[in-house]
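The following pair of complexes shares a single chain, chain A, combined with chain B in the former and chain C in the latter.
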Partner chain A sequence: MTAITESMTQKLNAAFEGRINWRYFLQDNVTGSWYLAVWVVVLAAATVAYTINQMNVAPLTTIIILILWLVGLGFAIANGLFKKRTAIGSWLKTNLLGSVSNAILSLLLVLILAAAVRGIWSWAVTNATFDPELTKPEFRNPDGATWGVIPGAWELLMVGRLDREALPRVQMALGYIVVLGVISIGANVAGYLKKIRPLRSILLGLWAITPIIVYILLAGVSAEGDFINSKTLLIGEAVVVGLFLLLWWQRTVKFSVVNLVIWAAAWPVAYLIWRAIGKSEMFPPINVATWGGLMLTIIIAVSVIILSFPLGMVLALGRRSEIRGIPGWLLWPVAAILALWGLFVSTPSILGDIRNQADYVLAFWPILILGFAYLLQKMFQGNVVAAASTTFIEVIRGAPLITLLFMAIIMAPFFLSEGATLENVWAVIIGYSLFSSAYMAENIRGGLQALPKGQFEAADSLGLNTFQKMRFIILPQALRIVIPAIVGQFIGSFKSSSLVAIVGLFELLGMVAVIVSNPQWLGLRKELFVFAGVIYFIGSAVMSWYSRRLEAQLGVGER
Partner chain B sequence: MAQNISAAPEQNIPFWRDERVLGVFAQIGFIIVVILGAKLLGTNFASNVNKLGESQFICRDGSFSYRCAYDFMGSEAGFDISDTALDYVNTDSYWYAFYMGLLNSLKVGLLGVILTTFVGLFVGIARLSSNWLVSKIALWYIELMRNTPLLLQLFFIYFGVLLALPLIQDASPVLGLPIFLTNRGLSIPAPKFMSAAAIWVAFLILGIIQFQVTWILLARQEEQTGRATNRWARGLIGFFIIVIAGWFISSSVSDTQGLLTSKASRIRDVGDIEKVMLNRTNLDYLDEIDTLSPEEVDAAALKICVLRDSASEPNLIRQIERIGAPYTVRRFDRPDQVTAAYVEGDCELFAASKAILAAERATLENPSAHLIVPVKESPIVWSVPRYDGTNIFGGSKLLPEFTALLIGLTIFYGATLAEIVRAGILSVSKGQSEAARALGLSESQRLRLVVLPQALKVIIPPLIGIFLSLMKDTSLGLAVGYPDMYQVTFTTMNQSGRAVQGILLLMVVYLTISLIFSIVLNWYNSRNVLVER
Partner chain C sequence: MTMNVNANEDVIVCKDVHLWYGEFEALRGVSLTVKRGDVIVILGPSGSGKSTFIRSINRLEEHGAGEIVVKGIPLTHDVRDIAEIRREVGMVFQQFNLFPHLTVMENITLAPINVRKWSREKAEETAMKWLTRVGIPEQAHKYPGQLSGGQQQRVAIARTLAMEPEVLLFDEPTSALDPEMVKEVLDVMSDLAKEGYTILAVTHEMGFARGVADRIVFMDYGEILESDHPDEFFDNPKHPRLKLFLSQILHH
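Moving on to the complex of A and B:
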């Protein structure tokens, strides 16, 4: 017996000979510094304690994990000592079992993960019920999830309290977008987009009118009013033709009779189609206050991004505008006259009716005009456009989103003209878009600043006017740079649209509160939160994946 | 653009293409549009105010003026706030209630900023760990947090976790520590500051100054002699001497705590309690109290009365427990309630500050029959939560709403910060680390002196942005019902019907906060511009 032991020891010694220096090993792994030693000891103690704990709770898994760990350790040691390089051993050694502390930490983490997975699994699967009929409190398992609430409340989660008769219209809108999306992606992948030029234009056109189609389907067109309202028709016509003339003046569109006729005909045609749809009562109006669930979340997120993009671009260009400001000789006299006028008119009336100390200060408000003039001159060289854009952006960015949302809902009625009303949904979309456009402006400004100055100078030296310079040289490049930021912001809009639940709209999270107050699904919050979380997670993950793909396609960062 | 072109062709440019002229015209047009828009909105506002909310601008004397918009804030608030930093009762003004809300917001914000920094640093470094598992767990944590809305996380923590905790009847210490986690919140031990703390803090500052001075002097000496000294040890020894001396000096100097007791109780000093107890129990030593039956102990126990959550309670209890005397504590909300109980004979001792006791003694029938006994005080006493079977007393109680908001903000912004920390550390080029190693610096020196200073310059600007976002998102307290500035304002708006004023007030406060942050950011940026090659 002793002989065997001795020979074993000898063999082991021979095996390790020259392969490992225990002193160095210890110094590297444990005794190198006092905090390393403390860390290893504490970690080891915690791991042992936790292993013993887990042995009592779930012996089988723990033993399997321990065995796997030991086997892995064997692989890693074999890899390090005996030059027997196995793929798995190398991987384990670099990634999990590289040092003593790493090896112990890996074991501890695997045990904790196993316990967590076991806990989640038993709640979500083993103890869970899935039947939509068995969601009442008396049928539930207190230790498990009641997933039946999700199919049970599916329509509420998806479209909220929308009239169920309008469901086919929601499906039509969804179908339209899905079909268009599939065709676009398919054509892109198959390479038809480059081969057939008209296809590209047609698809772009269809995407461009998608918001209008979706609006018609989901909100409907009212049949009220005359078929032809000459006032609307004329004003619209004037705006369209004016726009055409402006673009022509800026040399962005060519002037020809055909072009003019197309532009001039666009508005009446669109208007008449609109009225025809309304009069035919194919799509009668739906009360937008009944919108809810995931549909509302998506509507808000998409509207916000569509509206905030042009607005943000205008703000960004405004903030960077370099037009010569109002000169001092004009600004100061005007400011002085206004301030004096205020001091002579308003101040005496306030001073004549003092109520408290604050009024003494308040009475001299016209002096602020001079302060503003000073700031305008000092910070913006008198450039009113830059000053207004910057102020707007900074004020909006300084306040939380829910302030803007409440402001939109509570204060909008105060600013509407006589008799006009605004549904909360639209108020929220407008407020949210204003909020979002400030951030969008900053993103786009980042892209503009990242462009080398040479691009601006080259455009100038070619004799392009400002509009052409922006349209053909600057914006295409700047926007390409900021794609990641814009997609990031889109994800942000998608996630933050949950905040409209606070102001009383029933989007996905708002719907959860409604559903859990139903006696049938009373208190099933966790399940619904998990479901909503999964939807948000998938949506955001898909978008960021797409953004990375788009970046690669457009070659962002490579010039 | 126009400046770049030489002077000669300038005469040829017609005015409708001269950018300078066009610019001025565009701006004048812009101003006119803005003024017209403002006028339209203003007219609408004025007519709507007349229709919808004339009462919003009514002055105290009944006249109508926009100047009176905020007058209502001076009147009685009339609602309760579940968590306030200072004393607040519902008869205080709306302004004061708003102030309480602001303090709550700042409390969550500042604690959140501190915790977020720790979480962000920890996860950011974990993300770069050589251990695959650690790095992947950090990655999944970050992805999960960044791809789901903050509001959903808050709801999940609040409804799914905190409100699902045990009821207060089933409270038990967590991990054997004096910490109680129930669906009414988290109770943790907390320091209570006595009046002596002010003196002690002065000593603390003195100690820090001493440390700095020692440090500078020794550094100068090191430079002159070229010999290393142990600056840390020498500085810290002086620091601890000053701080410990300060502790005893401040507790012996300060004399604000007292006990109200009748002369008949024969307690003239806290030390007398032992004698009184021995008399009552007929024991020779209080250690033998275990030999008595529980009923006898109860009968002999000192009946102490205190004000709820006052610092006097832990201060006195600590001294009585040192003696080993049995006691019972009753807690009251107001001094006059204690006095009433004291008169009834339900309290033998009334522990509070001497000022309160003197005032209460004066209301007694025969003040001279009662004494105010001085009680020694430490600058800081630990108030430990205790569970008496139905309720939890003492310590510091964090409401579930507060806890949910704090945890939610911390883990959400911690994940965002982790990515920034990671990017910052990765931004330091590999050559820097290699150069540091080549110079023979140790690993900690490499991190401390080479990598971190460079990484911090990249990390800090977005860090300030994150802190600002966190401050703004404390407004989500509204969603879980935490009485932050937002919730208080909303209650105010609902009660008074003055929506416009409330929203404007919030805007102003948030703009001020964000202005402060951007001033800090600009100041930092101007001082620490990254030197680029």
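Moving on to the complex of A and C:
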């Protein structure tokens, strides 16, 4: 195409000397090859036919478009032929009217676009009704949208079947996030984040506890204290103190008695606060099974995004780990002993109690131990961490999300202690996060792979330990490389959260299905799907805009 | 520098070091003893195992048999020993391997702060001292990508020196540089040699080898074939392959 345009320019440039060569012009634009000729002829015929058609449907618009097109053509020709170079002429020529076929195509596409806009406009605006009271089938205009369904079903779309008593709490959660977001962005734009150090820490801290606040508001705290009891108190204390020691060992925190006391007190204090919130009955529990609509979409998407990222990072590092594997001389005897033990103990007992044909095969399962040992040694040199990460990633990636969602709900009870139950929402969030983390791991691994070996070697030769090497050298660079991929995955997680409708959770699209089966709004699919589409688009656009910004921000000093 | 207190002490002792890449034996019994303050240049044809050898001294490659002892610490699988040795042995690479996402200052202070556990002030002070030494104190707050090759390599040297290692390993530090930048890097290396650092350098810079080295080691096919004082090495080569090598590199 460019070649054609260029040589045409040359020919046309020659034209002010009155030497325009029509033979060359035709050759470039029409007769150059037989398929070009066919293309131009077919295009011209289609355009003429469509123009005549549009003349009948909407004469005024069509005539305006035709006039504009002819004027544009005039500019472009003047530009080429008579040395009359104008900005608009040059722009038209390079972008729309560069050759005969481009000129025709431009006209055709503008006409089609005009028809489409006209159709959408008449459906969405001219013939539409906006009154929420007039949504019943008998009031509808068949040629126009019934937008009244959106305000009419607003609460259903936003929160689903959530108890309306709890609405103020949803608004509080939303308000908290919006206010925090506005302050953060404002402070960032105004440059206060860099100037006032504590502000940054405070904002980060508030963001860090946001999930807890949102949980308290949207799920509530029961007076009994839920899962917080003396056992979890002890375990939590151990984890917190362990974390402190780990950070101290990594020299991220200073060791002092005061510090230790503060850390050690953190968990019990949190526990007391939690109990106090529960006792105060300010935020009585809400049945999470009633969550729905956009709120549920956002809860699932954000949870999955927050959980899958660190999990994916661990899996990616695990898959690449080069720890010393279990040596063969140890693995083989252990595997052999286990297999023999199984064959002598488990196999006879299964064979003794045969229920069906498959049991004959199943009975010899201990042989599998040898198989696994073989794979572990052969493929991973006995590196258990790499083997486990790789297996997890590949198994998860080998299963469709829907299967995993069903599995999460059906299997959850098997992992819980007797009598405990797990709400489907949590099961779905866990299952979905595991799914997402496998893909996240592969994305991050791509970034790790892209780093030159020299970066690892320089870090090693300086004496940095593995944690420091990852924290300061490898991850900052690797993650920057994969920001587009990671954000792409976040956007995917956001949109695919609509799949949870299949396991009976009514997120945004699930609610749309419920709403259109309501007699009052029966069949108002188009309006609702357009609305849902706009919401998904806004969410995705914001994420991709932020990703580009982040990329630019982190690109400092990059070659 | 007060490094010569215990001159004549063996800083690096390699005994019959073998190293395999899969089936391929890249080092076939390398033995070398380096005393404190020695400057040793390693020469040899491409693929002879020079890089492999000096990289095995700080465990960037893992030797399969034989013994490497650095400052009395035997190099084993023990990560604490490896960490200890890496604190004492600095390395400068052909491709600089600066961290592109950190400023020059951050590049230099990262390891002293996190490995040596110095305060930021002390680390930055030391970093400035070294940057001044290699002649580019004004570049401290730039990113590596904004520097010339020669400047980058000098930053890399400053980064290595800031850890205060006793032994310096150079793997063809000037090979990726344009000719006019080679000298600025070689000058820094000569100064370091004079100051008493123990240096093992792989380089093709014959002038540096002849003028600065205490000893030149010739490697081929993963073995040390000759090891001698520079004058003797160049003027009176004994091993036929060294003669061939010298005739190839010196006669054009």
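Brief remarks follow.
In the analysis below, the second predicted complex is superposed on the first by the 496 of 559 C-alpha atoms of A that agree within 3 Å, B and C clash if a C-alpha of one lies under 4 Å from a C-alpha of the other, contacts with A are read in each partner's own complex, and residues count from 1 in each chain.
Please note the rule applied: a residue touches a chain if its C-beta (ideal position, glycine included) is under 8 Å from a C-beta of that chain, and two chains touch if they have at least 3 such contacts.
Given the structure is predicted, the values throughout are model-derived calculations rather than measurements.
In the superposition on chain A, A:25 makes contact with neither chain B nor chain C. In the overlay built on the shared chain, the residue A:400 is in contact with chain B alone; chain C does not reach it.
After overlaying the two complexes on the shared chain, residue contacts for A:460 are found with chain B and with chain C alike. Judged by the touch definition given at the top, the superposed model places A:468 against chain C, while chain B stays out of reach. Once the two complexes are laid over each other on the shared chain, residue contacts for A:324 go to chain B and to chain C alike.
In the superposed pair of complexes, A:540 makes contact with chain B only, with no contact to chain C.
Touch criterion not met for A:139: it reaches neither chain B nor chain C.
In the superposed model, A:476 lies in contact with chain C only, and not with chain B.
When the two structures are aligned on the shared chain, A:372 is found in touch with neither chain B nor chain C. With both complexes placed on chain A, chain A has more residues touched by B than by the other of chain B and chain C.
For the contact definition in use here, the residues of chain A common to its chain B contact set and its chain C contact set are 324, 460. Contacts from chain B toward chain A in the complex involve residues 1, 4, 19-20, 22-24, 26-28, 30-31, 34, 40-41, 44-45, 47-49, 52-53, 59, 67-68, 130-134, 137, 143-144, 146-152, 155-156, 159-160, 472-473, 475-476, 478-479, 486, 493, 499-500, 503, 506-507, 510-511, 513-515, 518.
If you check the complex, the residues on chain C that touch chain A are 58-60, 77, 83, 86-87, 89-91, 93, 95, 97-103, 110-111, 114-115, 117, 143-146, 159-160, 163.
Chain A makes touch with chain C in their complex at residues 251, 324, 452, 454-455, 457-465, 468, 472-473, 476-477, 480, 554, 556-559.
Against chain B, in their complex, chain A makes its touches with residues 94-96, 98, 102, 105-106, 109-110, 113, 323-327, 350, 355, 359, 362, 383-385, 388, 394-395, 397-400, 402-403, 406-407, 410-411, 413-418, 460, 466, 491, 495-496, 498-499, 501-502, 509, 512, 525-526, 529, 532-533, 536-537, 540-541, 544.
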